[in-house]
């Protein structure tokens, strides 16, 4: 067991800074936003440090109580890649916020945003199943408040819907956790994972269903994703970007941490203990989500809502990838998660810039954008083509891997992938339609959009990253493979790294 | 720098430069042209057998990717890049919204497609080519229609790619490698055991190729897309991009014609099916073409009709069939390029694509007229131009296999092609010149150079086909078939006989001069204005006749249109459209799930949970 | 289930859904230890109660904690009896085991919990931002008794709240209820005095500083004991006021934080609102 | 009878609360009532968590002069861990409730209604 | 004895829950929610969880209900409001 307690700062620093932001807010509102940027920059570079110096996998022990007695953070390859992803996306959106967040209570907005990202990082790194609940609530409550922020009233409606569904979801999750506790008497993920087969199978199944249902709310899987369209549409654009680029990452992470590490039964293809294969359940949910999301997006005329539905559908794709249960599937899932998060966050940010110039969200309003701002149009196109899985952009490789994994699994996954590919064609249609509107029509007015530096930085960074991943997939590929290993080999990849002596004498 | 790599890198660099400088149209066009030329120069550096491999850390494996030059690929490379040079040179004077950087991306992709030794690179390049051409088509003149055309193309193309993607993984999961060669040889190995299984996998690939080439029943996107694409891009689309499908077929055809495949009439089943697809495409294309009034659409149909010929020929996979197919592919590139370049020249001058509004242009654009004339003569298979030889060989190949009915079909298609070419020829260039076009001028110097070059090429390869047949023979050889005998550059050797193109050329020229002299000396003719018509005492307005309708190309084949109309009601197009509409309808219905009422969402969530619980009981 | 579904259908369906869910739960409860079957010695709590985690850790390091089937041998961990008021320098000095878990053994949870409340308060302020305090037109002066009474009551409640969180490691209660009690005292002030408003900036400063104090205590642990949120103070004798190391410090921070936060929430909610 | 009762009564109570809360959420259209429902669900959850920590012979988990938690090496107190979790859950419940109420108040101001069916935009 | 007493309490709580379902007035439903919370906190005492009981009483029963009533007052529908 390797310990590296300094990494507690990954959670500690955002908390400290979040607590101090109201004080900075007395000095200047701008300072509060800069604090967010600096803190997330710290997180990002800490993540890169962990990655490049190859410190992972390691444990962070809280309060000197080693797992399974106390709480710990476990930062393996999967957590590393997601921490870097989340902090990068967060950093970029916080830079964007320097420009965009300027009405209402900016100080508290900055604070909540910081804690949303910090909470997601905690969620990703924690090694305690109840601690996950706490961090889910941290991200949850901050995202309700963030979603309610904004000048438009629809933000409030969306936030309330999210709140209700999410509360029910977290209650279900809590029930699931405690049902497991009654059997095993511990809350540590590693110990539960090692001993999951010692539970009563009926109870385990039920607990698993509750956990899946609770976590599917954050992971945006049908039928628990009713909140998605309204909340994404209602929230201001950087918040939508955050929800889709960071929030769903955390949701998916926990869902598959629970399913594959805690409930997982090792094999060629990971399945779960209990009477019911929850992986198959999630695969069904994922397919339904993809189809419903894409078809709903197809008939949308509001671009933001279209992005929301597409976001949902993409999460379905990610879920399908993980649920295949093989290394390749997990690899595809991680890859797709990274690509989706970057691309979708960028597209919401671009939409935010567009809307701020008085251009509407309706698809007709996108006409002739090319003549107004080639930069934004190109960036949007890059994002869209990446989501469609076209080459030169990151999404190509993930979709490639996803199809490979499903076909390798065979069986009924052939149908799943057929459905997915059909839905992808639908997705291609509506994205290319927007792109077409942007490129073809002459605009009615030719006012140029001047993008100032602060929103331009994240958009440029995201597009460069998308293209870089598209050309050199090994940027994400290597660590994704390690992450896939961690997920599919639960004893070697997770449990023994946390509690080395669990195998016994 | 390795010149194989240069074939990929140079276009990409050029593309980046063109993208940055796209605001300055002429600079952009110049960069495009120069990049094509430089790429062509690198082509001289490479020779058959050159190979380049590298490794990609992907899917947790160290995948080997590579480029390799085969006789087929070098033939394709020369063909496409040379045509690209001609086209981009012409485009220097062209004004449509063609984006040079996308064309260069397409070039990089096309080079990669022809050289790739692995399926990952092949698919990557295939998709790259797909989306860059899709984006290009968005730039068409009419925004609604071009968007529709591009989306139609995108849907078909992406659908085809996904089919290929599934095929790739079915294969690679069997063999554990992505190398094309080992996959094909593996398939050959298991062909005896599971013929239908192999055919299933291969047909997944074939769908993609058929879509890209516009083969029946996936031809429906062709007219929409060709018709609406930016003018500068249409020749590339029809001449070059349709050949990717041919190349793809040629990768897998050796396999399907193997000895273990169930066969019919001495021809392996898949080949037989492909042959029929090809023949039907040829006929359908021709028939649909002569009912078109839009000139770009007409030649779009013409283009895929010719692809039908090519497919039918290569599907035979005999020496003569293959030679004929490849030869026709080459000729198609040439004459289709010539036709489309002249057509877009005319379109850019007269500003319409409707043939019924043209007429008499030959007086204004004589050189264009001549090039077009030679082009359609070649397309119609009139000796001595390129096109005659290949069609002649195709018929020989069909007959030598005893496929009488298919031969008849192809023959019918060939005749139909006379009809539509005749129509286009007449409607655009002959007849009376409308006063609208009094100010129309011949193309610019650049255009003239291009046209002269194409004219020369059409005649040169028509009378000295050996220059093409030689490399084709080496291709045939590389497939393990015995190439046809060669006997000099001017000879085409068929299965039954051979012809000397030079002597035919002399005969034709002599005949033509004689005929023209006769026409000039004997026939009485005078120029009349368009309105000068015999209306037999009727007042034209009573019949709702407007001057446009006097134009003799108006409703050129009206009687035949009426005869054929009932048969054309069955539309493949309608199938795809209906499918799209029903998907949209389902989408509308599904959207209603998200009503915006939080209670419904709660019901969904809790209801979903309850369903899981019940499912849990069932398996309890 | 469209919006215009008749009420009765909705109700029946809701009863069905809820019923199925509850029947499912009960079927699971039959498999769950209940009543006399509940055995705390089978859970990790055993060590928290016995304050024996160090011993268990040693066994874990030696590899004798888990048997071959990975079942932990919790009952084999050597046990040192604890006598109230006598035992010294235990690994955790709090007499209230729940407190010791909340603040020490699972202190990270509590840090998160404080954050949740903090975020909720911030969220309330974010959402209700832009609401102006309307100056009440007619000032109803509350009766003198009310005025004096609430002030006296407030001081008593305030002291009680402080007592509750300072004695959190000895008696039931702790930072959260203590803070809530203080907040309810302030709520009383609202009732007693028309137009009362606490010093908002002061509340914010208090809130921030106490939150930062908590985080800094965690970081001091990281510096001093090489572990975030580790106890860096001596634990003293169990049952004394000055025992349990940093638990009292943390509970004071939490108490102040929760108190000021909930007061701020109450204040944000209670001001008369008007669109700006 | 007593055995049966003490095994089941608390579980029944907690489940009844969860059910009642869920029923309220599912059938009432008033935002405030939905929040009431969520709160009741929370209460039920808390009761459930404390119940699984309890056994009939347990004592409270606080060392005092008279209260021995460990007898013969066996812990006899109620399980303190779930109790500490409940503390967390209660505070989180308060946070959610406060935020929900703030949003509800704002919704009433902006939409002019408390009916969840009417909280939606025209263009969906 | 304690069991019987707590049974009674549970019945009361459930009754309180039903009141909050069926009461026409929003205020009474909120109050009954507070009572449910208070009853639950009483049960916590029986369940040997004094910490939780105090917290639930102070936060769940006290402050939550108070904030509820404040919020209701804010929308001026407080005491007399019916739903819809």
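To keep things simple, chains are lettered A, B, C, D and E as they appear, and every chain counts its residues starting from 1.
By our rule, a contact is a pair of C-beta atoms (placed from the backbone, for glycine too) under 8 Å apart; a residue touches a chain by one contact, two chains touch by 3 or more.
Since the structure is predicted, the reported quantities are computational estimates derived from the model, not experimental observations.
J.: Hey, if subunit D just vanished and nothing shifted, what pieces would we be looking at?
T.: Without subunit D in the graph, we get one piece.
J.: Kindly work out which chain lies most centrally, taking the average of its C-alpha atoms as its position.
T.: Here the chain at the core of the arrangement is A.
J.: Looking at CA centres, what chain is most distant from subunit E?
T.: Max centre-to-centre separation from subunit E belongs to B.
J.: Where the centre means the average of the CA atoms, what chain is farthest from subunit A?
T.: Result for max centroid distance from subunit A is chain B.
J.: For subunit A versus subunit D, what separation do you get between their C-alpha means, in angstrom?
T.: 29
J.: Just curious, how far off is subunit E from subunit D if you go by their C-alpha centres, in Å?
T.: Spacing between the chain centres: roughly 11 Å.
J.: When the C-alpha atoms of subunit B and subunit E are each averaged to a single point, how far apart are the two points in Å?
T.: Subunit B and subunit E have C-alpha centres separated by 76 Å.
J.: Averaging only over C-alpha atoms, locate the centres of subunit C and subunit E and give their separation in whole Å.
T.: Roughly 20 Å separates the two chain centres.
J.: Show the residues in subunit C shared as contacts by 2 or more other chains, in ascending order.
T.: 3, 13, 17, 21, 24-25, 27, 32-33, 43-45, 96, 98, 106, 109, 112-113, 116, 119-120, 123-124, 127, 172, 174, 176, 265, 269, 273
J.: Please list all residues of subunit D that touch 2 or more other chains.
T.: 6, 18, 22-23, 25-26, 29, 34, 42, 52-54, 58, 60-62, 77-78, 81, 83-85, 87-88, 90-92, 94-96, 98-99, 101-106, 109, 116-117, 119-121, 124
J.: Which residues belonging to subunit E are in contact with no fewer than two other chains?
T.: 49-52, 55, 59, 63, 67, 71, 74
J.: Who touches whom among the chains?
T.: So the chains that touch one another pair up as A-B, A-C, A-D, B-C, B-D, C-D, C-E, D-E.
J.: Enumerate the contact residues on subunit B facing subunit A in the complex.
T.: Going through subunit B, the ones touching subunit A are 56-60, 120, 123-125, 127-128, 130-131, 134-135, 138-140, 143, 146-147, 150-151, 154-155, 158-159, 162, 165-166, 169-170, 172-173, 583-584, 586-588, 590-591, 593-594, 596, 598, 600-602, 604-609, 612-613, 615-616, 619-620.
J.: Looking at the complex, which residues from subunit B come into contact with subunit C?
T.: 592, 595, 597, 600, 603-604, 606-607, 609-610, 613-614, 616-617
J.: Considering the complex alone, what residue numbers of subunit A touch subunit B?
T.: Touch residues, subunit A against subunit B: 157, 160-161, 164-165, 168-169, 172, 202, 205-206, 209-210, 212-213, 217, 222-224, 226-230, 275-276, 281, 291-292, 295-300, 327-328, 331, 381, 385, 388, 390-392, 396-397, 400-401, 403-404, 407-408, 410, 417-418, 421, 424-426, 428-429, 432-433, 435-437, 439-442, 473-474, 477-478, 481, 484.
J.: For subunit D, which residues are in contact with subunit E within the complex?
T.: 2, 5-6, 9-10, 12-13, 16-17, 20-21, 23-24, 28-30, 32-33, 35-36, 39-40, 42-43, 46-47, 50-51, 53-54, 58-62, 77-78, 83-84, 86-87, 90-91, 93-94, 97-98, 101-102, 104-105, 108-109, 114-115
J.: If we count contacts the way the header does, which residues on subunit A are in touch with subunit C in the complex?
T.: 5-6, 8-9, 11-12, 15-16, 18-23, 26, 60-66, 68-71, 104-105, 108-109, 111-112, 115, 119, 122, 128, 130-131, 134-135, 137-138, 141-142, 144-146, 148-149, 156, 175, 179, 181-183, 185-188, 191, 194-195, 198, 200, 202-203, 206-207, 499, 501-505
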